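One chain, chain A, appears in both complexes that follow, with chain B as partner in the first and chain C in the second.
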Partner chain A sequence: MSSLIGFASLVLAILFNAYLIFSNFFIKNNGKVFNLFIRTSSVLTIISFFSLMFAYVVSDFSNFNVFQNSHSEKPLIYKISGTWGNHEGSMLLWVSILSIYGLLFSFTKNIDLKFKQETLLIQSSIHILFGLFIIFTSNPFLINSVIVEEGLGLNPILQDPGLAVHPPILYAGYVGYSIVFSQAIASLLNHNKNKDWISVAKKWSLISWTFLTAGIALGSYWAYYELGWGGWWFWDPVENISLMPWIAGLALVHSLLMAKGEQLLKKWIIFLSILCFSLSIFGTFLVRSGILTSVHSFASDASRGLFILLIFFIITGFGFLIFLLKTPESSKPINFLFINKASALVINNILMIIATLTILLGTIYPIIVEVLTNDRISVGGPYFNSTVIPIMIPGFLLMSIAPILSWQTNKVRNARLYVLGFVVISFIVLIQSYFSTFNTWGVLGLILGIWIILASCISIISSSKINYDFKLLQKINPYIAHIGVGVAIIGITCSSVFKNEYELNINEGDKFQIENTMISLEKIEMTNEINFQALRANFLIEKNKKIVARIKAGKNYYPVSKMITTEAGIFHQWYRDIYFIVGDQKDNNWFVKVYINPFVSFIWVGVLIMVLSGFIGISKR
Partner chain B sequence: MNRLIIFLPLLILLMICFFVLMYLLSNKDPNKPPSALINKNVPIFISKSLYDSDYVIKSEDLKNKKVLINFFASWCIPCKVEHPLLFEISKSYPDVYLLGLNHKDKSNDAKNYLSQDGNPYDFVGVDSDGMIALEFGVFGLPETFLINENGKIVYKFMGPLTKEIIKNEIIPLL
Partner chain C sequence: MKSYLSYKIVFITIYFIFLSLEIFANTTLEEKVKKLTLELRCMTCQNQSIYDSEAEFSNDIKKIVRSKFKEGKSEKEIKQFLVERYGEYILFKPLLNYKNWFLWAFPFILLVFSLFFISYKIRKN
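Then we have the complex of A and B:
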């Protein structure tokens, strides 16, 4: 029953949108009717999504999708997250978020009515394309042809609280760019008459970027403790394609800031708006077509791939074509000086686009090579580390001083203070690293990170009177975001450059010492949980002969899907993580791998600061 | 010059779409790694019959006939999906020897499964510990191998067989 309601409301939603678009060619819908249609279609799509979720929650195995991806013994949270833990459901989630955003946007005030309607019409067209995609190639409402009592279960690797919320948040980021895209196209079609869309676009691009940041970080954190590889970023194709719209979106947010400085880079902003959404759809395409192998691989199906490729081509091609035909004229010449805000932002924008293209090239290069030569190659960490990072470094350097530059002149306030600060930091870091382990990247990253934090702090202190209220928070928000970046850079540098790995063969009761910490393997136990069997090794961590922590690491075995997952045990300290992996048993000894990851927590804290600052930015009027 | 830069995104888009389309149309599947066993001899194995442990089948027994080896299990739902298609092969090509290998399964479950859904196999061998599957490099169930008269593996398919796969890829080799 819920499948029927879900399917019918999805079809109705598409019909409503189709009617709206067609009728717009012949009659002028008045604002109220128009809003009614848009909102009804949005609500119908959301109903459709919730009826699928309902089928999951009550374990309605007459729905084929539920049967294939759920199991009645799963905890409730994973029944809910099972809704988007599969290809069909996650596409429905995609479209639902599109609808929610459309609904929210339809309530925007202070914006030209015609412009608003055109934006929503473009949203509706996107909705129709993806809606048809769901109905024809990935229908989650198919009825199961056999009557069954039990489902096949959710992929156990996805049964994790972090991953339960990762897809909706990530999609909230991806799909948010659709509004920015639609606005850009609508403004091109409107011959760029009104300019108030810039402030609306700023809000939406910030919303998307903030959610995207949170989504990527959640995925990365999940990879850190669930995959058990000791790292948190693997340059996996799917990670790369989420990073591309993220970087492009960062460029967009900053370009929109320039609009505030009366120096409108309209052409550039519109280009970035189109690019961000194009990259989002391209990401959706690459993941959903199963064309790239990664931890995100789902069953691949050529017809699905072709369909999304077509959608990608239509939307992106349409966007860039309109951009080509109706290129806005440059309004004012930009006030470029040797070093002022405008030039710093432009240089940063260029660097970000180069970084995006570099990642794009590395991600699709294997496809090009395989088409041309039939060889299968893979492009991994070394390529990205040695290309993307050097491109980003000058950007980070500029970023650290950008907020203190002025729009109009070459002058830098308190320049001496900053130079002094930079020299002192460099000196301290160099001396420190000379007496410990010297590593060029490590030194560079540390200086950059600390310098960014310090420069931002100096700016905050020198630019505003201390007056604690929310307004102040909004005013210093750019610096807060940059402090977050600095903290994250320190975490990224230390955790990748200074990490250590230890391999051990030990038995119950054995003690060992790693970097001044006594660790003992207390015992190994097997337990039966609701839907899996767990093997856990209990590690005792001692300091000064006192027990400071008990850490469990091990494996889970999921009988329904016959899969084993690694459950890393992590002892968090603010300055390092001790990361345990338990391997196989051999001759009564257990193979244990211990990673010492310094300053990993800084990454998550840094990202958290960025996300918070994103929300503060959104709240700004 | 300016015009050219504005054309660039469209050109890049066309190029990306072209390569990706070529890739999709060439039916390459990154989840289907080329089997190292293609054109190699059948791995040496020995397997007891599911129904009578006195009967065994050995890799040498597979000489001088075309053999379709199908790894299956009662717990494997995709196997259930491809199951009816195996009957079609056994009916249309009675010369082909259909060898089912029951992978990591309980023998009672397997027997129940074959009595319910029917038994298309000429011989059902037991691979309870999965060692034979390991020799064949099986990734996941079901998986199907075609072996020619010389005992060489000529074709391998991962996942449930479909009508199209059988028609386009297996039958031409029979």
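Then we have the complex of A and C:
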């Protein structure tokens, strides 16, 4: 029953949108009827999504999608998250979030009516394209042809609280760029008469960027504790795909910030808006077509890939075509000879786009080579580390001096203080690194990170009088975001350069010492949980003969899908993580790998600061 | 203007001091093995390097790499050997050959292109 409601409301939503677009050519809709149609269609799409979720929650195995991806013994949270833990459901989630954005945008006040309606019409067209995609190639409401009692279960690796919320948040980021895209196109169609779209676009692009940041961080944190490889970023194709719209979106947010007062860089902003959404759809295509093998590609099906590729070409082609036909008149030129915030931001924007395009090429290059020459090659972490990081470093450097630059003139404030600070930090880090292990990237990263934090702090102190209220928070918000970046850079540098690892073969009751911490393997136990069997090694961590913590690490066996997952045990301290992985048993000994990841928590703290600052920025009028 | 320039000079000097220091550093056998195996793909895993993986395949390759280094083979020779045996797919860092030149040149092409763009804009003003 719920499948029928879901399918019917999805079809109705598409029809409503189609009627709206069609009728717009013939009759002038008044605002009220227009809004009614948009909102009805949005609500219908959301109803469709919730009826699928309902089918999952009550384990309605007459629905083929539920049968294939759920199991009645799963905990409730994984029944809910099972809704988007498969190709069909995740595409329905994609379209539902598209509708939610449209719904929210339809409530925006104080903007030009024509601009608003055109934005929503473009949004509706995207909705129709993806709605048809769902109905024709990935319908989650198919009826199971045989009557069954039990489902096949959800991929165990996805049964994790972090991953349960990762897709909706990430999609809120990806799909949010649709509204930025629609606004950019609507503004082009309006011959750029509308001046206030920049402030509207700023808000929506910041919302998307903030959700995308949170989504990527969640995915990365999940990879850290669930994959059990000791790292948190692997330059996996799927990670690269999420990073591309993120960097392009970062460039967009900064450009919009700069365009605050005047009509500067309009061409560039529209280009970036189109690029961000194109990259989002391209990412959807690469992941969903099954060209890339990863945990995200649930099922590969050539027709789906082709369909999304078609949608990608329609939307991107349409976007860039309008851009070329109706290019805005060139705005006031920026003087690159000036060393000010504007030119620093433009150079940073260029660097970000170079980084984005490099990641894009690196990600699809193996596919291109395989198609052209039939050879298989890999483009992995070492390639990206040696290209993307050097491209980004001048950008971080510019970022650290940005606070002392002024917006318009060539003047540099407090320059002496900054140079002095930079030299002092460099020498402290250099001396410190001589007493520990020396590494060029490590030293460079530490100097940059500390310097960005300090420079931002100096600006906060020197730019504001002491009165603590929310307005001040909004004023210093950019510096807060930059402090977050600095903190994250320190975390990234330390955890990747100064990581230590130890391999041990031990038995129950054995003790070993790692970096002045005593660790003992107390016992190994097997337990039966609701939907899996667990093997856990209990580690006791002692420091100065006092018990500090007990950590469990091990593996899970999921009988329904016959899969084993690694469950890393992590002891968090503010300055390091002790990370345990338990391997196989050999000759009565257990293979145990211990990683010491210094300052890894700084990455998540830094990202959290960025996300919070993103929300503060959104709340700004 | 002046202080910005001095800032730049200070940074560049420090950077080159660092770079030159690392060249003199001696690397042990295990460090060499780590550096190389981090750049190799575990063919039986999903996007994991041989160094990070504990799979049978990875442990075999680690042994091979270690013994080849002991024989006095260079990193390049070992890579050559592995590519002949398993194909280029094993290298996470693609070789600089006719197939991949575009991949490696691309960032520089973009950089040169944007430099031209900026200088064009400056001249236009």
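In this text, the second predicted complex is superposed on the first by the 616 of 621 C-alpha atoms of A that agree within 3 Å, B and C clash if a C-alpha of one lies under 4 Å from a C-alpha of the other, contacts with A are read in each partner's own complex, and residues count from 1 in each chain.
By our rule, a residue touches a chain if its C-beta (ideal position, glycine included) is under 8 Å from a C-beta of that chain, and two chains touch if they have at least 3 such contacts.
Everything quoted here is computed from the prediction, not taken from an experiment.
A.B. asks: After the alignment on chain A, I want to confirm one thing: do chain B and chain C clash, or do they fit together?
C.D. replies: These partners fit in the superposed model.
A.B. asks: Counting residues of chain A touched by each partner, does chain B or chain C come out ahead?
C.D. replies: The partner with more contacted residues on chain A is C.
A.B. asks: Per the contact definition in the header, classify A:Leu306: touching chain B only (first), chain C only (second), both, or neither.
C.D. replies: Touch partner of A:Leu306: chain B, not chain C.
A.B. asks: Quick one: is A:Phe234 in contact with chain B, with chain C, with both, or with neither? Answer first, second, both or neither.
C.D. replies: In the superposed model, A:Phe234 contacts chain C only, not chain B.
A.B. asks: So, does A:Gly583 touch the first partner chain B, the second partner chain C, both, or neither?
C.D. replies: A:Gly583 contacts chain C only, not chain B.
A.B. asks: Does the superposition put A:Lys545 against chain B (first), chain C (second), both, or neither?
C.D. replies: Neither partner.
A.B. asks: Once the shared chain is lined up, is A:Leu324 touching chain B (first), chain C (second), both, or neither of them?
C.D. replies: After superposing on A, A:Leu324 lies in contact with chain B but is clear of chain C.
A.B. asks: Minimum CA distance, chain B versus chain C, superposed model, integer angstrom?
C.D. replies: 10
A.B. asks: Residues on chain A in contact with chain B in one complex and with chain C in the other?
C.D. replies: After superposing on chain A, chain A residues 293 contact both chain B and chain C.
A.B. asks: Could you pull out which chain A residues touch chain C in their complex?
C.D. replies: Within the complex, chain A contacts chain C at residues 229-231, 234, 236-237, 293-295, 333-337, 339, 347, 350, 354, 357-358, 361-362, 365, 369, 373, 375-383, 386-387, 391, 397, 401, 410, 412, 415-416, 418-419, 422-423, 426, 430, 438-440, 443-444, 583, 591, 593.
A.B. asks: With touch defined as at the start, can you tell me which chain B residues reach chain A in the complex?
C.D. replies: On the chain B side, the touching residues are 6-7, 9-10, 13, 16-17, 19-31, 75, 77, 104.
A.B. asks: Touching chain A in the complex: which residues of chain C?
C.D. replies: 1, 3-4, 6-7, 10-11, 14-15, 18-19, 21-22, 25, 38-39, 41, 46-49, 52, 54, 87-94, 99-100, 103-104, 106-107, 110-111, 114, 117-118, 121-122, 124-125
A.B. asks: If you look only at chain A, which of its residues touch chain B in the complex?
C.D. replies: Spelled out, the residues of chain A in touch with chain B are 68, 152, 271, 274-275, 278, 282, 285, 289-293, 297, 300, 302, 305-306, 309, 312-313, 316-317, 320-321, 323-324, 327, 364, 367-368, 370-371, 562.
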